[in-house]
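Below are two complexes that have chain A in common, paired first with chain B and then with chain C.
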Partner chain A sequence: MQFPWTKTDRPRPSGVDDGDAIVVSGLRKTFGDFVAVDSVDFRVKRGEIFGFLGPNGSGKTTTIRMLCGVIAPTSGGGTVMGYDVVDEPERVRENIGYMSQKFSLFQDLTVDENLRFYSGIYGLTPEKYAERRAYILRMADLEGRENELTGNLSVGWKQRLALGCATIHEPKLIFLDEPTSGVDPTARRQFWELLNDLANEGVTLFVTTHYMDEATHCNRLAFIYRGNIIAEGTPQEVKADLTADTILQIAVDRGEEALAALEGLESVDEGYMQGSLVHVNLGRRTAEDAGLREFLVDHGFEVGAIDRVEPTLEDAFVHLVTQQGGRA
Partner chain B sequence: MGAAAKRVTAIARKEFIHITRDWRMIVAVLVLPLLQLLLFAYAISFDVRNVPSVTLDLDRTAASRSYLDSYSTSGFFDVQSAVPDYAGIDSAFDRSEARVAIVVQRGFGDALAAGGTGAVSVLIDGSEPNSAQLGQTYAVALNQSLGRRALASWAEARGLGTVRVGSVEPRIQDWYNPERRSADFLIPGLMIVIIMIVTVQQTAVTLVKERENGTLEQLLESPLTHSELIVGKMLPWALLGVMDTLLITAVSMGVFGIPLRGDVAVLAVGIGLFIVSALSLGLVISAVAPSLESANIAALLLSFLPGFMLSGMAFPLASIPVALQVVSYLFPARYMVEIARGVFLRGASWGVLGPQVLALAAYAVVALGIATLLNRRRRA
Partner chain C sequence: MSWRRIRTLIWKEFVQISRDRAMLPILFIMPILQLVLFGYVVGSDVRNLNLAVLDQDNTVQSVRVVDAFTSSGYFTVSARPTSDAQLKDALDGGQAVVAITIPKGLGDAVHAKCAGQIGVIIDGSDSRTSGVAAGYASGIIANLSNQFYGAGGAAMTAGGVNAQVRVLYNPTMRAVNTMVPALLAFILLMSTSNVMSQAIVKEREKGTLEQLFVTPIGRADYLLGKLLPYTLIAVVQLTITFLVGVLWFQVPFRGSLLVTGGGLMLFMLAALGIGMIVSLMSRTRQQAQQTSMFLQMPQMMLSGFMFPIDALPKWLYILTFLIPLRYILVIVRANFLKGSTFVELWPQFAMMAAFSIGIFLFGLSRFSKRLAD
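The block that comes next holds the complex of A and B.
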């Protein structure tokens, strides 16, 4: 429904079925003096899982909101499933699914009522709704719990129901904004299985996350940092820069203190915590040259195993951010 | 059903489920208004009757006794006791036993018998100005009528025809509310204010809630448009507003005996426009408020205070400061109170209330437009 003064759709050729799912060029958004997204360019191919990575506040959500036509870019633009995000936001929104970390379910509605609501929002026919409902209940493992209040479901079920609601209209592209935030590891793994199933059916997935281990599920990645894309490519390509470097994983007590001490060393290019372990990047130096064990023992730390490890995406990210002159 | 209609229905249905699932909401929407009506209608009464009083008879004649008796029988004064001296009056005022004291001075009976003026003092406890004012008015009126009677009986005793004494006596006749019951005056206004409070309050929080739960973001990423969202949100509340109106009207007529003299169609159209206006006002608050608490407070301030002060419900709008009169045009209640009173009490119809209905229609359109625009602007 539109009031007379709302802008109506202009008839124009769009929504081409082939080509990339997302094409973005010079996309920029500023809020006053703050540059949230600084003229980014990237493409997402149909059917791929595209990981959009970066720390909180780096511009991930702002980018998604522009791509969904929820906010207008300050300059630049792009197409999503062939539709222009600035000129045809309504078309864009009909053709995408969106799921955020808040899951966006109505807690005081039952499972069925939530499904029915989103079916109405996306204008499903009764037949289509019946079909999708059955599919989603099975997918989310909620068969027999249709009349339970959504608020009473535990988080893994809520997450899958939210995915079901976001995809009730079978979109060919789904934006997932930190979909696994605050979910336990088991539920996260199950969720990624569902995402892989969708990808195998040819659905394009645009996923933001700050869990680097999840990024390995993606076909291609883009790192966004302070509004700029600082790296883009397959996980292997992103890590390629580091394969010649020596990355050491150090088991040590009082990890944070040890990291602080190590970062003062000239031989250590980068260091950060990975769980309770300390990761250091020695660049082209070898482990022997650095003499890290002696250094740590001299400083009163209790040192366990020191292993040379393959660079992880997290190593790559720290490396990239360090090159940008910042801290991850 | 078109896609747009489907989306509006989905929102309206969901909104309705929210309401029915929360018993506190049902209480707030259907029980509280009735409770408010009963409380306010009984509590806010401008009728002062049975003003507690004491008498002091310093004359102690037949004339003074009959004069004081007329107070007891008037219905306006509740004569608690006769005190022996002025000190008695003081202590009666102090203990709040009386607000008015009637003192008949020595020589009252003689003066009347001589055709002169009997001296009477009416002492009023000014610490409660409202009843004091009314007590004074009643006492003056009573004395005038007693005075005339005294004059007549004096003239008669002397064989003079009262007609020839001649005095002009205004015959005041009340129309529309012949018994001058303040309930008749208050309830049509009160009814509007209550409906305003319910509708503004409920819609003010509805969008803020969705924003805080993150569900609004989800809806923004869907094909749903802002106009659809707003219409869908309004529908169930409009329905409840109409239910409230019927309920309150039934109680007002059944319990308080408020007459319904005018054209019901005017009232129905007026109420419809008024509800849309009030809901839009709520949605404007919802668009601007940063949090649930601030939405609640803003809704309370913008519905309760103007409802009571600036609607003409309790105080005639002509008697409030000009600046506030201007402000009163910004709230829909003033138009609707006029319509309600016109239809209920004066039996008015389109011809008279047309301007008010038009004003309300204009208000509804503008408020709805602002609500839609403000909610759209939050996107950028």
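The block that comes next holds the complex of A and C.
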């Protein structure tokens, strides 16, 4: 079917080509008395995968919405792909892709109709649309399923189609707001392969996630907590603070109860659950593990292996949050 | 604002509507269903009333009296009691709602050109039916009187009924004639405010709204992409209602399409504004549905749509001025039945314009603000 819109593709002014993809200074948003984002500053370089991490309600989504020009900051501002987020929000939105945790496709449209819709919104020429459509169908592994209702696809396919729709206009910067939440591990891995492919093509990716293992895919990270950025750097830099600390991983039955008991100990700085295992940070103290085992056995727990482990991003995150006087 | 984007949004809206099994019947069957229901039930006329006849005269004249009643179509003879006691039983037992008694001597009185007597007794337990029956009976008797004595001659009086009723504009008092024009406005209100708020809430519920606003779609694009499809659908619904009303229910249209159409378009702004406000007040489609219902009740009751507002207590009557449906009902009914023009209807048009533009702009500003937060 031929499109009614056959205008030629408007040349996209690329903003300032050599600058950073995102430059943010003093960005602040308040809702009444509540400070959602408290004067944050950061930069994202072109072509990097930038991880924006933080617990729910810490200001991640609000920050993204301001960067996409959907809501106006209370004060401060920034540029995205060279365009001012306050003064040129429409320019910003033409030059970015955005995909959220809900993969906001139209469930009652077919695969093809979703593609055609976004192509119409971004004003692709019929030739460009045909090319992108073929590419996305191949990428999302949806060839031959063009006429299926999107609502009937399983979650991994929906997610890849959503990525396809969000990038149909080949943006050089993509915001991904918890793109993999609620997706099974296989689909998550496949999805990250797609993201890595995009990054290799020079696309800048701004990703929020609360899966710490995914954060290791990122070139650089920022932790946001209660509206403030509390750490920023490469994964190594973020963990550097902890490399001198002793982190123990303890296999124990009734993990939650054991954790509560251990947190009462003076020698334990921080503790939290990593899956079914208990992680404790002993700070600069060493070789205290024997003491812990006896302590746990005394309290009637069945204790398995206790190993010293390299600090993970999760350890770093808990450490940072504890320093802020809160809990993750 | 970009026409290309608006066109894409409209195309998407129509594809979605065509897939929505709940929406389609509402959009195109509801107007017909309402027309038929309101047209036949609410708008039904009082006809074939059961009539008891006690004829103690048995003359050519008394037979003509009974004929005049039955041939009118409003009455059918259901009982012929022979005494006052039997007549009372017929009324008490519900075999008849109206009774006429023709005392001995009517024929002689007509010959002598002096006043005759007919008794008409009406069961008043259903005030609407009895009111209409009294009107019919007095009309028939006045007519007979002319035939027996010639116009201006001595009068024949019916017991207790001595009304000269003359109904203007809707001489047969067909309720459907006032119902169909009113339905045009009512259906417009239902489909635009209700259906549009549903469509917006659905989009927010599914998260697609969030997605749309990180694309270059602007607020104006989005709103036009929503308003235009539902405006178009409303126009189709109105056309169907109008044609069924005029062709099937034979409602006379004495007005102009310009006045009726112009009034309805103005009213649609109010309906769209209400739709936007409802969509902001609701998080789920069910809530939107309930809010719409909640708002519909007072509009139906206090606008004159079903019940006359003149009889309302004063404090309630004042409230009716706040309901835009009230003004459009006057406009469509007057234009339909009397052919009234802008000149006569300007106060209604002025009030409607004020309300519609006010509500629409309020809805619009709240809507843009909500999207901005």
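The working rule: the second predicted complex is superposed on the first by the 311 of 328 C-alpha atoms of A that agree within 3 Å, B and C clash if a C-alpha of one lies under 4 Å from a C-alpha of the other, contacts with A are read in each partner's own complex, and residues count from 1 in each chain.
We take it that contacts are C-beta pairs under 8 Å (C-beta built on N, C-alpha and C of every residue); 3 or more make two chains touch, one makes a residue touch a chain.
Since this is a predicted model, take the numbers as computed values, not measurements.
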Ask   = So, on chain A, is it clash or fit between chain B and chain C?
value = clash
Query = Between chain B (first) and chain C (second), which does A:68 come into contact with in this model arrangement: first, second, both, or neither?
reply = both
Inquiry  = Touch test for A:267: chain B only (first), chain C only (second), both, or neither?
reply    = neither
Ask   = If you stack the two complexes on chain A, which partner ends up touching A:324: first (chain B), second (chain C), both, or neither?
value = neither
Task = Please work out whether A:181 is in contact with chain B alone, chain C alone, both, or neither, and reply first, second, both or neither.
result = neither
Query = Looking at the overlay, what does A:122 touch: chain B (first), chain C (second), both, or neither?
reply = both
Task = Figure out whether A:219 sits in contact with chain B (first) or chain C (second), or with both, or with neither.
result = neither
Message = Taking the superposition on A as described, I'd like to know which of chain B and chain C A:190 touches: first, second, both or neither.
response = neither
Message = Can you give me the overlap between the chain B contact set and the chain C contact set on chain A?
response = 68, 70-72, 90, 93-94, 96, 98, 100, 102, 104-109, 113, 117-118, 120-123, 175
Note = Within the complex, chain B is touched by chain A residues 1-3, 6, 68, 70-72, 90, 93-94, 96, 98-100, 102-109, 113, 116-123, 166, 175
Ask   = Of all residues in chain C, which touch chain A in the complex?
value = 2, 4-5, 7-8, 11-12, 15-16, 19-20, 206-208, 210-218, 372-373
Query = Where on chain B does chain A make contact in their complex?
reply = 3-11, 13-14, 17-18, 21-22, 213-215, 217-225, 227-228, 231, 369, 372, 379-380
Remark   = Interface with chain C, chain A side, in the complex: residues 4-5, 7, 31, 68, 70-72, 90, 93-94, 96, 98, 100, 102, 104-109, 113, 117-118, 120-123, 149, 175
